[in-house]
Amino acid sequence: MRRFIASGAIALSALAIGAVAIAAETEVHPPHKHWHFQGPFGTYDRAAAQRGFQVYKEVCSACHSLSLLAYRNLMDLGLSENAVKAIAADVQIPDLSDDGQPADRPGRPSDRFKKPFANELAAAAANGGKAPPDLSVIIKAREDGPNYVHALLTGYVPFDKLTPAQIKETGVTKDDNYNTFFPGHRIAMPPPLADDKVTYVDGTKATLDQEASDVVEFLAWASEPHLEDRNRTGVRVILFLLAMAGLMYAVKRQVWADKP
Amino acid sequence: MASSSIPAGAHGASGDPTRRDFLMVATGAMAAIGVAATAWPFINNLNPAADTLALSSIELNIAPIKVGQAITVKWRGKPVFIRHRTEKEIKEAEAVKMSELPDPQTDNARVTDTAKKVRPEWLIIVGVCTHLGCVPLGQNPGDPKGEYDGWFCPCHGSQYDSSGRIRKGPAPKNLAVPDYLFTTDTIVKIG
Amino acid sequence: MASSHGAPPVFNNRVIAWIDHRLPIFSYLEKEYHTFPTPRNFNYFWNFGAIATVMLVLMIATGIVLATNYTPHVTMAFDSVERIMRDVPQGWLMRYLHMTGASFFFIAVYIHIFRGLYYGSYKAPRELLWILGVIILLLMMATAFMGYVLPWGQMSFWGATVITSLFSAIPVVGDSITTWLWGGFAIDNPTLNRFYALHYLLPFVIVAVVALHVVALHVHGSNNPLGIDVKGPQDTVPFHPYYTMKDGFGVILFLIVYCCFVFFAPDYLGDAANYIPANPLVTPTHIVPEWYFLPFYAILRAIPDKLGGVLAMFGSIGVLFVLPWLDTSRVRSCSFRPIYKWFVGLLVIDLFVLGWCGANPPEGFFVPLSRVATIYYFFHFLVLLPVLGKIERPLPLPPSIADAVLKKKAG
């Protein structure tokens, strides 16, 4: 019988290896970074995520929507109700006036984040034919999301630094953007971040790497806002089940000891 | 009996019956806790979601409502009547004797916000008849207002006065007053 | 005790006695789940029936609460799932339990099937029991496939497109059938709506077939690791408490692994591309089905002909229906089949290889590898099984279950 358990374990681990093999086969592997939200005890670094929100607001939001989030969600990042009200009120949300005419009004915390373009077609038309993707679940929508997005944001190579082989292989011109980690390397988005692109309100030095890490922290939170609750619940559930397994095993042994 | 989980003679050769009973009881109790804890998310799932709760209070500018005018706004899926009452309506409402009311309540108590501020010119009530849930008439200038200068429910003829209190008809209670707060002189937050 | 089996139970509780006299549900439970004589030599593989049942119940329970918040419309489906993940109280938990639950339901059922295959549980007199099981597998596949479409991500959309297009391989009426399946000229809102309706319906059909599966099981009782018949009361123990407690322990162990995925790696078994909303104009560069379909997907692609591939894929499940008659061996359990047991192991490896092929683009060495693996799959069932049963010399069987158990204890 032990043999069968062993073979079952082998089968399961083979399954896991198979899945790893599936996951492993992407184009260029982004370098592995450690994230605050990793692992069963991971949490979001609120300060980093708030800085990341500043980066999103001042840079990314010019082109990328975040349509699944509402301003009220920012309270989960540690912003006060009044701060959230102020952020929302700064935005003009399209609505109808009392006489049924289209009219903008100041945003409320219950409003979803305003999109930079009225619709998908307008977004595509303003961006060379392809709409910039919505960022609400971008970290989950890419393989190895946090590392990939960080690598992408920091992975631009200026045209004059490219080797002739790279130019030949990808056919980039002076007007294209070359990114080490983008599949096919030619990416429509010009380098969005740079050193001192934003001035952080908390005084953190805004290096390119810092900005990219912060915005990934923010977008990871946006993708999976209940991660902390999930981890907390998970630890409790597993502890409970382990205790239950111990008890069940003892009961099972007791019962079988009395076998007729 | 089918529910006795330990077969007869279970307290047999291998051992201590108390230890075994303790194990059974402990495991049963743990299992019961586990089932209850698992049931909770399933029930909780049907509670109002965060986006619904985010809309549970509304803020309203009441400056444009003239004396004698009434407006209806939707709040938590129900109509809320906001009436800018005239002097006459206020006087009528305050003059009523408590003994005449099926559901005695002073007018004063019905025009007080959650910060205890009394503004008798503003009556804010949920426009749902306490009988069987119809919306009473009386908001528009041409509507029947009943005998008490308030609201008249077309379904079964309940009549409410200018304070929204039930005066006549089958409804048992006054029209409900929601929690509201005048955040400024002209902005009221309902809910 | 096994010896009391058959005698009508006496209920001391008067309410229970009153009901049972009119509707014998308590007698039934007593007979089938308490005193029911069960072979005393089960190993832990025999837990997976109970585990699969628990998963089925869990999937239906989480599915119903998810359905209360889901909107089956192309413009709202993706957002409504995300609303469940974000705004609905503990909606993320229900969604991850359901999503990961599908994978773990398949894991349980695949191990359960392997158990049947290795110990010859499909052989007479349990052929119908096995066939009902294959029907459950088919229903599960249909349900899982349609459920995967509901979040309306890129993989939902393109998976549905590819799988429904299989039917266009049918000569003459193929295109009409796909149009009929879609309710339009492509996967669109009518398709999503009908998949939702059927995804809600099929699990209850599964419950019904599971009930038949259990009824058939209780006619001749369970097979056991020795594959020999029960000869008398000394070979069995009552189902309760012996196997209820053992199953309970196994279920908890399984739930621990399952919960590790639900809480700490919920997206591990899924595809990142399904978090991109469906776009009918852009196909993802690399579409793969969920892992539990990969071996069958590999068989589909291994055949260079469209109709041939479709037939091979359906045939790979279809062959399971006739399995009881393909096996010509006198003994059930592989424990006594010194040659065949290695081939069963090879079949398992073959399925993993097929899964690996299915997960990768059909290029390079995956093409010949998937063909070889496909050929072995059919060779195993259609040639090896009938021939080997005739020529293999089984090991001597023990005289009875009790005998084998006591000997093992002594040795």
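So that you can tell them apart, the chains are marked A, B and C in the order they are listed, and the count of residues begins at 1 in each.
The definition used in the following text is that contacts are C-beta pairs under 8 Å (C-beta built on N, C-alpha and C of every residue); 3 or more make two chains touch, one makes a residue touch a chain.
Please read all numbers here as calculations on a predicted model, not as lab measurements.
Undergrad: A-C or B-C: which has the larger count of contacting C-beta pairs?
TA: A-C
Undergrad: Work out the mean Cα position per chain and let me know which chain is farthest from chain B.
TA: C
Undergrad: Using the average of all C-alpha atoms in each chain as its centre, how far is it in Å between chain A and chain B?
TA: Measuring from centre to centre gives 40 Å for this pair.
Undergrad: Take the average of all CA coordinates in chain A, do the same for chain C, and state the distance between these two points in whole angstrom.
TA: Computed from C-alpha means, the inter-chain centre distance equals 34 Å.
Undergrad: What whole-Å value do you get for the distance between chain B and chain C if each is reduced to the mean of its CA atoms?
TA: Going by mean C-alpha positions, chain B sits 49 Å from chain C.
Undergrad: Two or more other chains in contact with one residue: find those residues in chain C.
TA: 1, 86, 93, 241
Undergrad: In chain A, which residues are in touch with two or more of the other chains?
TA: 244, 248, 251, 255
Undergrad: At which residue positions does chain B touch at least two other chains?
TA: 50-51
Undergrad: Across the complex, what residues on chain C touch chain B?
TA: Its residues touching chain B are 1, 9, 11-13, 16, 26, 29-30, 34, 61-62, 65, 68-69, 83, 86-91, 93-94, 238, 240-241.
Undergrad: Touching chain A in the complex: which residues of chain B?
TA: 9-10, 12-15, 19-20, 23-24, 26-27, 30-31, 33-34, 37, 50-51, 54-55
Undergrad: Spell out the residues on chain C that touch chain A in their complex, using ranges where they run on.
TA: Listed in rising order, the residues of chain C that touch chain A are 1-2, 40, 43-45, 79, 82, 85-86, 92-93, 96, 107, 111, 114, 225, 237, 241-242, 245-246, 248-249, 252-253, 255-256, 259-260, 262-264, 266-269, 272-273, 275-277, 285, 288, 291, 345, 348, 352, 355-356, 359-360.
Undergrad: Applying the document's contact rule, which stretches of chain A touch chain B when the two form their complex?
TA: Checking each residue of chain A against chain B gives 70, 72, 109-110, 240, 243-244, 247-248, 250-251, 254-255, 257-258.
Undergrad: Show me the residue ranges of chain B that touch chain C in the complex, using the header's touch definition.
TA: 1-3, 5-8, 41-42, 44-47, 49-52
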